[in-house]
Amino acid sequence: MDQKEVYHLLEQVKSGEVSIDQAILDLKEAPYQDIGYAKIDTHRGLRQGIPEVIYGAGKTADQIIGIVKEMTAHHQKHIMITRVSPEKAVHIGDKVPMIYHKLARFGQIGEMPEKSGKGRILVVTGGTSDLPVSEEAALTAEMLGNTVDRLYDVGVSGLHRLLDHLDSIMNARVIVAAAGMEGALASVVGGLADCPVIAVPTSVGYGASFGGLSALLSMLNSCASGVSVVNIDNGFGAGYLASMINHI
Amino acid sequence: MDQKEVYHLLEQVKSGEVSIDQAILDLKEAPYQDIGYAKIDTHRGLRQGIPEVIYGAGKTADQIIGIVKEMTAHHQKHIMITRVSPEKAVHIGDKVPMIYHKLARFGQIGEMPEKSGKGRILVVTGGTSDLPVSEEAALTAEMLGNTVDRLYDVGVSGLHRLLDHLDSIMNARVIVAAAGMEGALASVVGGLADCPVIAVPTSVGYGASFGGLSALLSMLNSCASGVSVVNIDNGFGAGYLASMINHI
Amino acid sequence: MDQKEVYHLLEQVKSGEVSIDQAILDLKEAPYQDIGYAKIDTHRGLRQGIPEVIYGAGKTADQIIGIVKEMTAHHQKHIMITRVSPEKAVHIGDKVPMIYHKLARFGQIGEMPEKSGKGRILVVTGGTSDLPVSEEAALTAEMLGNTVDRLYDVGVSGLHRLLDHLDSIMNARVIVAAAGMEGALASVVGGLADCPVIAVPTSVGYGASFGGLSALLSMLNSCASGVSVVNIDNGFGAGYLASMINHI
Amino acid sequence: MDQKEVYHLLEQVKSGEVSIDQAILDLKEAPYQDIGYAKIDTHRGLRQGIPEVIYGAGKTADQIIGIVKEMTAHHQKHIMITRVSPEKAVHIGDKVPMIYHKLARFGQIGEMPEKSGKGRILVVTGGTSDLPVSEEAALTAEMLGNTVDRLYDVGVSGLHRLLDHLDSIMNARVIVAAAGMEGALASVVGGLADCPVIAVPTSVGYGASFGGLSALLSMLNSCASGVSVVNIDNGFGAGYLASMINHI
Amino acid sequence: MDQKEVYHLLEQVKSGEVSIDQAILDLKEAPYQDIGYAKIDTHRGLRQGIPEVIYGAGKTADQIIGIVKEMTAHHQKHIMITRVSPEKAVHIGDKVPMIYHKLARFGQIGEMPEKSGKGRILVVTGGTSDLPVSEEAALTAEMLGNTVDRLYDVGVSGLHRLLDHLDSIMNARVIVAAAGMEGALASVVGGLADCPVIAVPTSVGYGASFGGLSALLSMLNSCASGVSVVNIDNGFGAGYLASMINHI
Amino acid sequence: MDQKEVYHLLEQVKSGEVSIDQAILDLKEAPYQDIGYAKIDTHRGLRQGIPEVIYGAGKTADQIIGIVKEMTAHHQKHIMITRVSPEKAVHIGDKVPMIYHKLARFGQIGEMPEKSGKGRILVVTGGTSDLPVSEEAALTAEMLGNTVDRLYDVGVSGLHRLLDHLDSIMNARVIVAAAGMEGALASVVGGLADCPVIAVPTSVGYGASFGGLSALLSMLNSCASGVSVVNIDNGFGAGYLASMINHI
Amino acid sequence: MDQKEVYHLLEQVKSGEVSIDQAILDLKEAPYQDIGYAKIDTHRGLRQGIPEVIYGAGKTADQIIGIVKEMTAHHQKHIMITRVSPEKAVHIGDKVPMIYHKLARFGQIGEMPEKSGKGRILVVTGGTSDLPVSEEAALTAEMLGNTVDRLYDVGVSGLHRLLDHLDSIMNARVIVAAAGMEGALASVVGGLADCPVIAVPTSVGYGASFGGLSALLSMLNSCASGVSVVNIDNGFGAGYLASMINHI
Amino acid sequence: MDQKEVYHLLEQVKSGEVSIDQAILDLKEAPYQDIGYAKIDTHRGLRQGIPEVIYGAGKTADQIIGIVKEMTAHHQKHIMITRVSPEKAVHIGDKVPMIYHKLARFGQIGEMPEKSGKGRILVVTGGTSDLPVSEEAALTAEMLGNTVDRLYDVGVSGLHRLLDHLDSIMNARVIVAAAGMEGALASVVGGLADCPVIAVPTSVGYGASFGGLSALLSMLNSCASGVSVVNIDNGFGAGYLASMINHI
């Protein structure tokens, strides 16, 4: 409600066209009305610049199929579906042309888009059990138009494996580091690299790993500058953020 | 010795201005300047391309003065000192020309460098008590050559204050969001912005805020993509990462 | 025996329609209907003025059927049964006329009562996975005589969806806000509304959501005044309290 | 500018006493009174219909004095200042006419307003050490126009003290129950009352009370319907919510 | 071999019925009956004066049968087996004459012994879902020679149900109070009784009950003197301790 | 309200002497009215059989002096005051004849009463830093008429010190075991003794002792039967309960 | 990169053979290049002196078979596979000659090696349910060439069982103490022994054992010197470290 | 009580010299009497082979002086006193010849003993703020006769500093790794070394370091074999264990 509209409203109050009670109601809502959200809504692709993503965990196969069909009907070419169980994947694959990446539990609709990112994204993991999360990150980044290098099973307890790949670390524009038992990985990689490192704690592990909490705390306490952390197991979020930085 | 200085040294080697032996000596000296209580990693300027930072919390005023003098003797022009108590600041200010930012407990040696960042960094906070942390982030980013906008006291419980500044949010290249009681701030800002948001939980608050833990968890669970989190109260880390992204 | 029924009984005593001895017998019987495994507190209708509720989680289908039959034998018209699994629902439905709301795992005996609440109750949720809890709240409130508006899937990371419904928020007499990943929802709604907001953390989510604990802490730290919190997943409690406030 | 004042302003517009331009100016000024360190949300009186409150914990005496003067310059008659230490209170009292309630660390500007609440608010506490929090709740409610009954030191371990005051419990329209060691208080009061009970965990206690966490959990698990919880030590929030319910 | 049996053995030594060599052999054998997977501490009957108990949770049906047969071969008349699943119970019941209490998952070998306790033990519970734990406590106490009164489903949120049984509370020599959602029960009972109250948190409940932790904390913070706490779900420990106190 | 009174009330309703509204109010309170609490209140000494205790932590010296004078005016001979700081003790000692036990921060008014307990109470501690808590327990028990043996600094890491005192352990009727770093003490003592053991975690210790939490958990998990736990540092509670058991 | 190589590089810079940019890149990697990792990698057996181990938890039977075949093809004679489920064991046993220790879920390829350790390793456990973890430790140590004594089911609540085996404790060169409910075991054994004690918390137990956390904390707080702790359930790690110490 | 003594006891029972009750008491204590602890007590130095240590934290300067004098009177030449504040150190130094190491808060009586350890102990730390703990470890080890190398301020975020000292790591017989913010240090060192690594979490740090808990969890989850953990800040325990291993 800009100044003109308030002026008009008050004229109407003065003339009796609008009751005082109605005017009070209108004024109460004013602070939130002038930001054109309808436009933003229809331009969401513009505002955030990404293909669509469906969070598959809480949805049935039929719901996912419905959403995919709706999206493709609106000419969406690239859709990614995260956290799709193998069982659901079979059902979905029957109805829509989905490429299913089993390890990452990740569904891909449409081909990988052209590379639009400015540099390379490196995804590093501590152990084989961290692969589902790191693959989710890698596929997400690829679906968003990035070139992704994978450097898997290079935990800090066997440091030379990591140091053998210094080139990959030095050449990356953004790094995603996923680890469950070895939260230390983020510190070490962060200390070696001079680019942003996105740490993803994973919930694998046993004993005092507490479902990823220990890795999370370890990563947050990293003394290496340039490291930030996303939620436990949030491979998608890491890949998304990496892509965002790589497109700046 | 930062990257520019190494470049210059190599140019001098190439042109014959500096002998190879002298250059080797300079490079060898670079990584460490051992002055007893800590190895100063002056190689780091090269490896990571940034001015020096001194973490002031665990050091005495005399130790800080010693490190600053050592650094300036090595032609370091810009030094920032974090977590300097007002008492220490007085002592340090007697010996070296430090500008002291009291609210952020932040010491600045040398003028702010020229702006080298590619866009603007926005620092947003939920309440006045989050200011020390957000100012640490803002000053860090400025010391690293960034233009910083400040948007303070715009908590989500009075949403219109935040919405009044949509332009600042839309124009930022990176956003730092610091909050203690209102972890929600990161979610809301992350939903409005289309750039990376670095969330900093702060330890202010009472009751079930648990020294920043609640804000930390709230920020990690943010459903908005593009949000990552640094350690509680780590304004420096947030400013540093923001600068890194802004220089990519 | 609710307050109206006691009033009616006393009127009958006054008018002589019912003898004092019979009235005493009725009142004495009221507090407990001991049927072995639990004392049914039918006095509670009087003391707290509401229809009966059965907490279904720890009870077998046969126990629930027994309690329902006992209650209906005592002329209880409206009974709600919470946390009924679909399997139990089939068994119960065979023996007593229960309407089963599958999403909310909620059993309804008798029709919805007439609307007796003074205003409207709004139930808001952050995501589709919060629906079971929010529906439990909504159905509970409806069973207690309230008009309920539902505003689902309006998380703060897409703020415009929420702001599009400012009218609903402004018109509500009480709001229930249920969210698991987006504890921020309670803060934002609390900041927009000028009526009591009852926040319900839900246990959905992954990673550092810790079974609803993160949402709980986030909601407790809400800076918006007028917000209070009930137990994780306690949709019934929220609906009950909302109704209580709406009937004051 | 509260709702009554806006109503009055619009009446003046209607009658021609105040020009439309002047009214627009008044309304535009209302939302923010920027005085440097914080944006005072004076629009909030309108939006939420209450006098102003200043959260004193993170502010200096001078900042508080400045805000109070600004507010009174804008004709705010009733101001409450929470969490004011006795030291600050002396300084503030020198400059502005503040009544200081020491136990609650609560500053009051202006007389208590006329009673506008529809019923009585009862504030119950478990022990003498819970008094600061319960008094903050009681004074907040009184500043917001409510009649408040106090029922102090009636812990559940001496149940008869509580039961001796059944009348107060039965007559209340809203109850605030504050306790640190005896989280059980909320359950018991909630079971006795048939009105909303707002539970406030307090941080007093020792051993496994963990700064109010135990009381918080105990209150959240209360089986009594109608009970909700605010943040640990948040007496203001409880009093505010109680007033809100009492004015519905 | 319990204290009575040792007494009898020594009487036989004194009278010459049993030779000293034989007595030494009996006593030497007593402490351990090694049967492979566990050393059965039959000396313990002497040292602590009670019948045998087998913790069934980590043992197979066959192991339990073996231990029971070994014990009965050594003239143990009363054996209790805790935490026996219904499946195991069927297998065990085929081989040894066990009475199985399904609700408490409790196996009883031999009849209940004569009452030897000096007073009555009262077992109180908050809700029907606490029954397995409270029954384990009650059966344990009965197997140890105590008269046990049960007062079930008398939670504090419906206080009158508890107050209706003041006599039972006043007459008890020891009280066991088991509750999961209503940790408050221990406080209230402890305030009413003038005998030791043993509180048992149970792991039933949902949301912020955290597997009994909330009840545990609530019980530890009880302000009522005379209350102590055993481990979550440890009905056996509570019954055992109650019996110990009742036999002093 | 017994049957006669309800009969009378209904007669009054019938006759019009009492309005229906008033009758409903009277009936609502009925369940809680028939337990004669006023009597219980004045007979508290009778019901719980102990001298008076003042919890000194949250009270000023003057408040304590006032309470003591009031109590002695009512002929109370034995009063104990817990958690009295040395500073307060000086003030109190000026006004009333208090014996102050500095280590336990415990004030004693009147001589120790005659021994009325049936057996001996043993207080065991792990280290010298646990003495304040164990002395509070010991003095409390002595003030309540018990003979108390002290066995201090007998931690399990030097087991022979404990085993040297087997006689004391075997002769006790109740044992209090207080420990901060050595929660194991309760297990070991519980395994040796055949009497109730009351474990008191203390908050002394460093590192992962977490203010007594580790000791608390260790004690709760004790496999020795007959062990129960009171709140961290609650020496008074332990001494009180020990006395209660020793007087049964 | 040693001094000679840097000299050569600078010569190349001077001569123009190497560009300045390339030289900067080479210099950036220098600090990590001079440690001969390739050698370490191929000599890993030498550096750490142990047979191979496969962590079986996150791998399929086929993956394990593949790794085993690869290793044996390289003449590895002794392989241990930890955390192999019985199902996987059947599949693996079909393809490679594995001895499967069911209780420890431990696969053994090749015979036990000759004893190379200098002394005896003692493995002590608190209860039968700790056996899987302690057997994993014992078998690991045996596979690494150690003589292992087992002392099982000797919890501190029946202290004489432990004391009966003082000789074993006194003769050990290293002790592994595994316990879930009885974290006290590590303290007691540590107090008796004069050799290093490696404590392993196990996740067995119920109630407040919290998946081994309570045992972990109890062990960390052990006052006995010479005790250190490994991760919950990490029998392999304990056996490995015990062997390492026994081979020093 | 060996077989002969039991035989004698039973003879006395038979002859009437000893009553049956007395015999039962004697037999009850038997399991614990035959281990000659008095001898062990006087031979404690023998059993554990170390000089004396005084834990200074909970003791007054006078108490410490008294203990030192007592010990030296018994010809103890080497005494170490841990956790001595500078204030106490002044008082103690006035009375006994103590060398005070301020950084480690460590008092030394007598000269360092001759080196008796078989190899070298390396103490590694992550940052300058970890020095007090690592120095406590180093001095403890030196007082116990070990050669100690110190490698300070070599955190993993600047990995080359650590790698520059590979020789020290490779040459150590035992390593102590102390870190607060960089729990990763233990993993990295453990992966490089082939000797036991004792990790000490320190309580320095801020934010989500939670008083050393994060470092503790990170260290426990270390994937490097050969790493075990002692309590937070327990430098003494680490030094003691390192010495024990170095003397095996």
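Miscellaneous remarks
A, B, C, D, E, F, G and H are the chain letters, set down in written order, and residue numbers restart from 1 in every chain.
Heads up, the rule we're going with is that contacts are C-beta pairs under 8 Å (C-beta built on N, C-alpha and C of every residue); 3 or more make two chains touch, one makes a residue touch a chain.
The chain lineup, named per UniProt: A, B, C, D, E, F, G, H = Nickel pincer cofactor biosynthesis protein LarB.
Model, not experiment: these values are computed from the prediction.
Any chain that touches subunit D and also touches subunit F is listed here: C, E. The chains in contact with subunit C as well as with subunit G are A, B, E, F. Each chain gets a centre from the mean of its Cα atoms; the one farthest from the centre of subunit G is D. Listed candidates were G-H, A-G or E-H; the one reproducing the D-F interface, defined as more than half of contact pairs identical by residue number, is A-G. The distance from the centre of subunit E to the centre of subunit F, with each centre set as the mean of the Cα atoms, comes to 25 Å. Subunit G has its Cα centroid 58 Å from the Cα centroid of subunit D. Mean C-alpha positions place subunit B and subunit H at a centre distance of 40 Å. Note: centroid distance subunit A to subunit H, computed from Cα atoms, is 48 Å. Contact with two or more other chains is made by residues 31, 43, 47, 127, 158-160, 207-209, 213, 216, 220-222, 225, 231-232 of subunit B.
Chains touching one another, given as pairs, are A-B, A-C, A-D, A-G, A-H, B-C, B-D, B-G, B-H, C-D, C-E, C-F, D-E, D-F, E-F, E-G, E-H, F-G, F-H, G-H. If you check the complex, the residues on subunit B that touch subunit H are 31-32, 37-39, 41, 43-44, 57-59, 201, 203, 212-213, 216, 231-234.
Subunit G meets subunit E in the complex at residues 127-129, 153-154, 158, 160-161, 204, 206-209. Of all residues in subunit G, those touching subunit F in their complex are 126-127, 155-159, 181-185, 187-188, 190-192, 205, 207-210, 213-215, 217-218, 220-225.
The part of subunit E that touches subunit H in the complex is made up of residues 3, 6-7, 10-11, 13-14, 16, 20, 23-24, 27-28, 31, 43, 46-47. Note for the complex: subunit H touches subunit G at residues 31-32, 35, 47-49, 118-119, 159-160, 163-164, 166, 173, 194-196, 198, 216, 220-222, 225-232, 236-237, 240-241, 244-245, 248.
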